[in-house]
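In what follows, structures are represented as structure tokens.
In the two assemblies presented below, chain A is common to both, partnered first by chain B and then by chain C.
After this line comes the complex of A and B, so read on.
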């Protein structure tokens, strides 16, 4: 198992900042790298894969520096977002070539290429030229070249782009599996629900800065300036709202569009929820539904980025 | 720390030595190029001079076969003499095909990778930028070496077979001359084509510029000489212009290597220095380009 450490990593393109003072540790399991377009995700991947050096700071894989250290690159698998295929080669030839570049001998490279084509669902198209592949199939081949040498660390930059629904499910399952096995997996996307399908551990980048990292609902709890939104559906709307409005923890309260729907904002969910539970029990108010509406990834993302 | 499944999988085979990483790139390029029918035709045409030279070797070893032409034997032996000049003539003729081979192999060598952003894939593998460039250069140079040095040595072998003089195979000065002249031709073409390929994303544009850089200086110089030469130099042309064109550099150095009369007035050392500077400058640009390329993308 592998651990990737970034210490005060920054990268500039002239006066434009790519990544700004990022310090974190990537551990086994799946981590979602989130951020809007231009947030610095691809730059971060390039630094993590040794494609370019950080201007300041240090990136290490199990203590060994990554930049200018190709000897450890076979421990890394990288699926870039850019379209970068040799149209004349078949899927099998491409993967064999990539495996040999990783340092496998010819026989192993061929064997691994065929196995990997099976893993990404391209066995039947193995001997067709990549030029004849659909966008989704190309994406699968690209995914294949990153996993075929069974690396310890896997970086997937926008792996779902161009995939059909079936391909997306397969990819999510594959990434899940690698995470469960104990591989250190980082998946980037600017589409939140894609990340939500794969993991609830995230790193949030914006303008090159690491805004937050950790489990989604834990991050949400740390965003104190944004009141937590609670949605309750009850048949005794008036009685409940009259009682709740007396709570000092409640910031706003309003009726929702749905029948019996009450929308509450609170700054102190920790004391609000026990009080609410007591109220419901003591006054015997029937509750049909209760949920917090803004501790999902979308809300966290919006609070932090916008 | 979560509990992971017991299925953590590693590649259990052996990793090859990284020192040979460039050979994978070279071998892939060579194989890919061989698949191209047009390129195979170029190679076949490049082999025509070899066949003609082989026929000459055969006739030189079997003079009795052409007695019926009633040419004096001494004259025939002079025409068909197999000496260093014979090999120089062969290699000189191959310059043209080396140009085409470098054009076809080199133009797309790096530009295609840049266009498809494949450099990211290469450099995220356990290979260095040097491995990458060296592998590409080896691929571009391979076929050029085949049609120059490779076939010249094959001619030496045929000569030994036809004359049954096996000691001629150990003609070390000739071997060194063939080796040196082949490199004088192949290395600049390889470096120039790769550098242009790293600078220009379009394979076609790269090929056009390569051809222009190869042919245009000679054309311009000759036109310039025709128009202004007499006015500039009178009857004693110092021929410094011969330093400005690759074919001229080859001619001067080839003659020096094979001990032939020099075609141009300046000492051949100047031509060697210019060629070395040209290669160094191209290698520097190539290095800078590959170092900088694709980091932003």
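After this line comes the complex of A and C, so read on.
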């Protein structure tokens, strides 16, 4: 059982914020780290794994500092999102190499490498150079190096990236298994339903800030509560806007930059859309385009920041 | 369960793995032909010498007693090996010892392991030294055989101890130059330019500068322990003339020269460790995610 603690952790790249004042405790079980691209997920992982020091704050594993403390690194496994690997080594050689760096002798390392390759479904490709692996196979071998030394704490940075459907199922099962075994597992993604497949507990990160921690359904509620933006392009802009503004469901209405573009924010999309449909049909207003522009996580993050 | 590789006795496994895997990657990484091509290129001058000698003995009626094979070998060592092969190979292979890992971000996989950073740097450095010294050794022995088996010039079988000594001096040179290049590789962004300047401009011209600038070069200490005293007087005279021409200063003692070269290696490995320890990913990673 391992507990990772972050206290007021910040990391900057010059003037760019990587992680800003994050305080949390990661406990046994699976936690999803959710955030759009550029949110600071990878930076947070690098700080958590001791690859980078925080500029301020403190990261500890069961009370022991992580930065510059290789003695505890055998308790941590990290599957990075970076694609680069040792292209000329085979999957088997790579995992044997990593196992030996974890302190195993050659014979044990070879045995462990073969077992791990089996776990991640790469037995048949074990002796092929990594340079000849597909993206999914590379993802599997990266996964292998993170789990083969049986760490207490596991970090997976976008582990589903590049995986085929079968690989995704295997990975989800693997992550579930480690969570059930009492390991502290953190999985990142920018896609909510990916995280939902693996856990109910999530952390929301945006612009380096930890916006919220909780269970997935609370985030779902936030998505439902937040105003939904609707974009309509019509040749009868004035007539449509005059009618729509009367709807109580409409929070704001404004003209867009494009000709005939109308941008509407509504709190109640469920009642707004049927009303809008009726209006268009009854008044015979020609509609060229209609879309909702923020039916994704980005709008949740923006909403939370506000 | 894993051993704890931070215990001194358990550090041998990671160190052995670092040396063997990296030596193989360095040797065979680009192509299995890479080391063969490097050795063949280094042998071209010796082969050319044999062709010229064959031509001279056939058409210019040169007598074998006029040329001593060991003298020719000594000239090869002092010019080609000392001036070009040792610094050139160090530049080529030493500079990428650690910088390649940082650039490719594969350094992540090393830094995640419970291995002291010093062992990571030392292991990679020793793998470089094993490969470069091996390549140079093969090249040296083959050059020795090619030159020594010149018909009529006599096989230089009685100079094997000199061959071993030369190889050791060159290995020490590869260690010192390689360690400096490893440090340059992780410290400077324009590492090739800095490396070329250090190796082929500073190291050769410092001897001509006033004061004791020459003492801040690897070459000075390397030449201090490089000696072919057993060769004919002509060789010695030739060396002396060459040293004067190159602006060489009086030798340091062999002991102090070896000591300084070892100190250079130690200091560069320690400084590289510090850089890898404190800013391993700052060199390559600038994005915020």
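FYI, the second predicted complex is superposed on the first by the 218 of 306 C-alpha atoms of A that agree within 3 Å, B and C clash if a C-alpha of one lies under 4 Å from a C-alpha of the other, contacts with A are read in each partner's own complex, and residues count from 1 in each chain.
Operating definition for what follows: contacts are C-beta pairs under 8 Å (C-beta built on N, C-alpha and C of every residue); 3 or more make two chains touch, one makes a residue touch a chain.
Here the structure is a predicted model, which is why all the values come from computation and not from measurement.
A.B. asks: Looking at A:105, would you say it contacts chain B, chain C, both, or neither? Reply first, second, both or neither.
C.D. replies: In the superposition, A:105 contacts both chain B and chain C.
A.B. asks: After lining up the shared chain so the two structures overlap, which partner does A:38 touch, if you call chain B first and chain C second: first, second, both or neither?
C.D. replies: The second partner, chain C, only.
A.B. asks: In the superposed arrangement, does A:1 touch chain B (first), chain C (second), both or neither?
C.D. replies: First partner only.
A.B. asks: Which holds for A:29: it touches chain B only (first), chain C only (second), both, or neither?
C.D. replies: Touch partner of A:29: chain B, not chain C.
A.B. asks: One more residue to check, A:266. First (chain B), second (chain C), both or neither?
C.D. replies: It touches nothing on chain B or chain C.
A.B. asks: Between chain B and chain C, whom does A:182 touch in the aligned arrangement: first, second, both, or neither?
C.D. replies: Once the two structures are laid over each other on A, A:182 reaches chain B alone.
A.B. asks: Is A:78 touching the first partner chain B, the second partner chain C, both, or neither of them?
C.D. replies: Touch partners of A:78: chain B and chain C.
A.B. asks: When the two structures are overlaid on chain A, which partner does A:145 contact: first (chain B), second (chain C), both, or neither?
C.D. replies: Both partners.
A.B. asks: Overlap the chain B and chain C contact sets on chain A and report the shared residues.
C.D. replies: In chain A, positions 13, 46, 49-52, 70-74, 76, 78, 80, 82, 84-86, 88-89, 97-98, 100-105, 145, 149-150 sit in both the chain B and chain C interfaces.
A.B. asks: Would you mind writing out the residues of chain B in touch with chain A in their complex?
C.D. replies: 1-2, 4-5, 7-11, 13-16, 18, 21, 24-25, 28, 32, 35, 112, 116-118, 120-128, 294-297
A.B. asks: Under the touch definition given earlier, write down the residues of chain A that touch chain B in their complex.
C.D. replies: 1, 13, 27-29, 46, 49-52, 70-74, 76, 78, 80, 82-86, 88-89, 97-98, 100-105, 108, 112, 145, 149-150, 152, 180-183
A.B. asks: Residue numbers of chain A touching chain C in their complex, please.
C.D. replies: 13-14, 16-18, 37-43, 46, 49-53, 68, 70-74, 76-78, 80, 82, 84-86, 88-89, 93, 97-98, 100-106, 109, 145, 149-150, 208
A.B. asks: Under the touch definition given earlier, write down the residues of chain C that touch chain A in their complex.
C.D. replies: Residues in contact with chain A: 1-6, 10, 13-14, 16-18, 21, 25, 28-29, 104-106, 108-117, 277-278, 280-281, 286-289.
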